[in-house]
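Two complexes come next, and they have one chain in common, subunit A, joined by subunit B in the first and subunit C in the second.
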Partner chain A sequence: MAASVSIRVHPVVLFSICDAFTRRKEHQDRVIGTLLGVVDGNVIEVKNCYVVPHNESSEQVMVDVVHHKTMFDLHQRVAPHEVIVGWFATGPELYNSDALIQEFYSKESAHPVHIVVDTTLRDDKFAIQAYTSRVLSLGDKTLATEFVEIPCETIFGDIERVGAELMLTGFNDPSPEAKKDTVNKSFNDEAETLAASMQRLADLVARASDYVDSVNSGKVQGDPAIGRYLADTLALVPHLAKPDFERLFNESVQDSMMVTYLSDLLRAHVALAERLGTAALPIM
Partner chain B sequence: MAAQVGSVYAKMTDKEAECCVSIMVHAVGRVPEARQQAAAASTLAAALAKGDEKPEERMSALLSLFAMVAANAPAQLAVLLAAAGFAAASTSPKCRATFCASVRGKAARWAAEWKLSPTESRRLFLALAAPMRGAPDRPTTREHLALVGSALALTGAGDDRSPEVVEAAAAALADYLRSAAVLTLDLLPLPGVAGLASHAKYGPLHKLVAAVLAGDVSAARAAAVPAALEACGAGLTADGVLSKARMTALLSKCAAAGHGEVALSELKAALDVPEDQVAPWVVRAIGAKLLEGRLDSVRGTLTVGRSTHPAFGQAQWTKLGSQLAALKETVAAAAGAMASVRPPPQVSARGVAQAAAARVAA
Partner chain C sequence: MASVAEVLAAPPKHKELVKNVQLEGQVLLKIMQHCNEALPQVVTGQLLGLDVGQQLEVTDCFPFPAVVPEEEGDGEDNYQLQMMHRLRDVNVDNNTVGWYQSANFGSFQTVELIDTFMNYHENIKKCVCIIYDPQRSARGTIALKAIRLKESFVDLHKEGKMTLKGFREANLSWRDIFVELPIKLRNSNLVQALVASLAPAPTATQADVERLNLSTAPFLERNIQSLVECVDDIVQEQQKVTMYHKNVARQQQLFSAWLAKRRQENAQRAQDGQEPLPEEDPAQFRPIAEPSMLDNYLVTNQISTYCDQINLAASEAIQKLFLMEGMQKAGL
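Showing the complex of A and B:
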């Protein structure tokens, strides 16, 4: 709660950090790397990151500065608006050497932030903590570097949310148990995806309706903030009479079915032609 | 050590004071036993909240102390209450703004995490709301109203006349009237606020807010008496109240119309303005994202897409219930239509292709 600076992290950054951690060398306890993003007032949005090879012992830390600079130059070619905003490290807590690394990144960024990603999954939680630093000095002597925790939240863009929700269904899970549930699923099966979406929408609308009915019947004290949110959401739904909606929906579905049928027919023709073309002809 | 906090801030430079106080904060964090740590945190927080000099630095130290005792709920509560009291009493706008930004949106979560009783929760909400009174920015004003609403919702029948509750309710109403950006208020039905109607000092203020919120411009004009404006504190004029009443009247009319049309002549009567002034009011509401709609000056109508509800009461809940019931039917009809139009596999093109390929292979 300390400072007014806050951090928003995109999920691709967290996935990259986890991927880097799983690919680390055998003797390495943790991985560190650079965070890239944009600064908008007091909010730092972290959009990308890359690993920086390093070696650390109890007494010293060595960071591959050449690799760091090369990677930054390459990223700048692709996204010149993203600047170095700090660095990340994996692990359950801060290390003593973090102060040295923070000092290095202080030369790269005016107020570098430090994100610690707990890959040990302690207490079954994937903890992410963000810090800024301040130097404690008495007179001319620097006593210590203090890391002050700052708010950190993960934000999803609309496109990222679709991918994240799909991953949460276990679609990408290579384990045998997940395979049984997802073996018949396909990205390309639009009809099933749409049906599943409709069912999900129906469930959500039913839940909202149950809540509002409870408020209207006096069983529950209504929260005006929730009521306003529902009213604003419903205002986005186009208001069509039931016969008009059914007509529009059926026409749209029939158009989609026709396109699907014609493309399947075309595929069948191509498959037949291939088989007939490559079948060995009998020698007369 | 805590007793020396005043001397530290009075006699040391900023950097040295920051260093010494940080060491004290870290020392509290290293107290091993939870009850002793809570006592140490309370003592240090009280010492930090005591002086007037360097308010921003003191607030920063209080917030650091709060973060330091994160695993100790009683210690956190004590530090938070001390910080809230310090921010409320402070004359430094930056100190208040730092505190308000740090606590915004977290009160309900803290009350749940620390398992506070209703009385303790109410005390926490009122303490956090106090520094937010008269804030110039919209997010803090909205948070103030939300905290007071949460506190008053926990107020029992016997407590709604206590001075603390009365002052908090009156401050919330005053903030609503003063803020040009906040046009929604859901506090009027709460017992602590409803009781203000018969209060000697705040009765006129309650009457004025009720008239504004109802979108009744003539009643608001009549209720904007000096006693009501005085109870609101500095910064509010009769013109400001009238402007707010007109905007609320516009939103009320549009919200009642839902997805329909509202005649501009009706809006003219509701806003009590000349005919040529109605469109600028509508444009202002659309620009402030309070309203979505289309003006048809030929037909003299406003087609409403979406409108902010000034108050969300029983009528709005009932309308929401019927809208959700209609949407449930529509979605069920769509899902049923989807299930009925899918062709069986044996007559789909894919089925034909698979059968043909199997015959050729055989």
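Showing the complex of A and C:
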């Protein structure tokens, strides 16, 4: 099974690893920790992690087993469905001692995976690599542990995506002042972001129609897959006759107005009650 | 943990109040993950961080287990303590600065919340509660709020004067229970690099899709339903007050009748040359406890939250509808 396993990492895990790395002890090169998640067939979903203190020299490595066990028990109480799926380490590459740690984690999980997050940003890249191990043995004798790289991707839940995008849009503007503003705005103002969303939608439509135009004029070779996507999307747009649309439109607007009116009425009640100094809603 | 908090809230800084909250990206994601997974259950967790003058920096958090095991009475405390110790071992700021909780459709103003706040206040002067609303967030905006209690309300609560009179003397209205704090997001440079490498800014984001969704009816419906429940609650609270006034009036009536009778009796006794009976209030005319106004105020707060949400959602819906109209007209 080892070869066909793939890993999906939730962004929160990577965030935690980075945070742990910035909080490492003095003179410590890297941090390691346990990964928690769920195994579904050949896909391992990594949802959570925690740091385990360790000590390593060129010869040996010490992992704080008590810490590891307690943290696992504590996490189990919150999310009993999450099990140990492997461990992570930071750094540009694999270390010699990794085999020992891998051996330790094989006791905790049937097929532990090892994720290496390159926090040194070598080659200006944030490399995330996942490995699983294979034992090389000759007869009954174990010779070595081989790490095999396996595919690893970052996945976002719908809402996590919104959160990550929030951070992303906040960071697009380099000046710190602007950053602060964006963040505050996106937390509070729903109406204003609508305009931005609409703008992006219009841009997308324009891009699609540009593409279609250039295919029609023969400038670009058409891609059937894109064509099919476009056709499917267009088929989803409802075609409403004008009177139908107007009826729908008016009904919806009236509904919304009605609701606004009701809530305003109630607010007026509350304000009135406050002025009158009674706790009661006056006209009810 | 209390000692650390006490040191930090040392006398000179004591008077300073939290003005804003700074969240770290991982905290936001952790809260979101925990709250969304637990839906529709309401969950809570602890916030860890530092307080720097008027700013409260939340740098880490951990979730609380949903069910406290029965066998140990102090299960939660134990869990909390152990978790904090373990986190301290790996250099996390282990200083409680508050807690977070999920709220369905913005319903968080409860007596329990106030009680929790008061509990925290005993040890930590500066504590905040972060309210995260998973349902509203599913509509494309992160609904996150940081609140704390107003100091004057805390004082009033400590004195136990939760009556209409108490509130009025302290000049507090229902608006003055909670203070909402602005939230800032901050990430270390390393995390910023991570975010940038994770996802290059897409042309249309998931948030856009959710935001442009035309159907707001279910959300509005739920909100209105909750609002109606709130109004029912407040009417009930009102009945309590009316009952109290009725009871007081009846008691007074009974008392004056009794007093008149006693005076007559005493006049009779004076004629007979006997000792007069005391005109004091006997045990049966003990003053009736005035109902607490806390519930009422909280429900009012709740109503105002719902109204805001409804107004926002409705105006948004109208905006979208007009956008639709524009598009339809352009298309035809």
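Brief remarks on what is shown
FYI, the second predicted complex is superposed on the first by the 210 of 284 C-alpha atoms of A that agree within 3 Å, B and C clash if a C-alpha of one lies under 4 Å from a C-alpha of the other, contacts with A are read in each partner's own complex, and residues count from 1 in each chain.
Here, contacts are C-beta pairs under 8 Å (C-beta built on N, C-alpha and C of every residue); 3 or more make two chains touch, one makes a residue touch a chain.
Everything numeric in this text was worked out from a predicted model, so none of it was measured.
By the document's definition of touching, of the two partners only subunit B reaches A:231; subunit C does not. Touching more residues of subunit A than its counterpart among subunit B and subunit C is C. When the two complexes are overlaid on their common chain A, residue A:136 makes contact with subunit B while staying clear of subunit C.
Contacts of A:194 after superposition on the shared chain: both subunit B and subunit C are touched. When the shared chain is aligned, subunit B comes close enough to touch A:208, but subunit C does not.
When the two complexes are overlaid on their common chain A, residue A:25 makes contact with subunit C while staying clear of subunit B. Contact with neither subunit B nor subunit C is seen for A:110 once the two complexes are overlaid on the shared chain.
Within subunit A, the residues touched by subunit B in the first complex and by subunit C in the second are 191, 194, 198, 201, 240, 242, 245, 249, 253, 257, 262, 264, 267, 279. The touching residues of subunit B, when paired with subunit A in their complex, are 15-16, 18-20, 22-23, 26, 60, 63-64, 66-67, 98, 101-103, 106, 146, 153, 184, 186, 259, 292, 305-309, 312, 314, 316-318, 320-321, 323-325, 327-335, 337-339, 341-343, 348-350, 352-353, 356-357, 360-361.
Remark: subunit C residues 24-26, 28-30, 32-34, 36-37, 59-60, 63-66, 69, 79, 82-83, 86, 89-92, 134, 137-138, 140-142, 144, 164, 168, 173-174, 182-185, 187-188, 190-199, 201-208, 210-212, 216-217, 220, 224, 227, 231, 234-235, 237-238, 241, 293, 296, 300, 303-304, 306-307, 310-312, 314-321, 323-325, 328, 332 touch subunit A in the complex.
Across the interface of their complex, subunit C is touched by residues 10-12, 14-16, 18-25, 31, 47, 50-53, 64, 67, 70-71, 74, 77-79, 119, 121, 125-126, 154, 156-172, 180, 183-184, 186-187, 190-191, 193-194, 197-198, 200-201, 203-204, 207, 240, 242, 245, 249, 252-253, 255-257, 259-260, 262-264, 266-267, 270, 273-274, 277, 279-281, 284 of subunit A.
Against subunit B, in their complex, subunit A makes its touches with residues 1-4, 134, 136-139, 143, 146, 148-149, 191, 194-195, 198-199, 201-202, 205-206, 208-209, 212-213, 215-216, 221-222, 224-225, 227-228, 230-232, 234-237, 239-240, 242, 245-246, 249-250, 253-254, 257, 261-262, 264-265, 267-268, 271-272, 275-276, 279.
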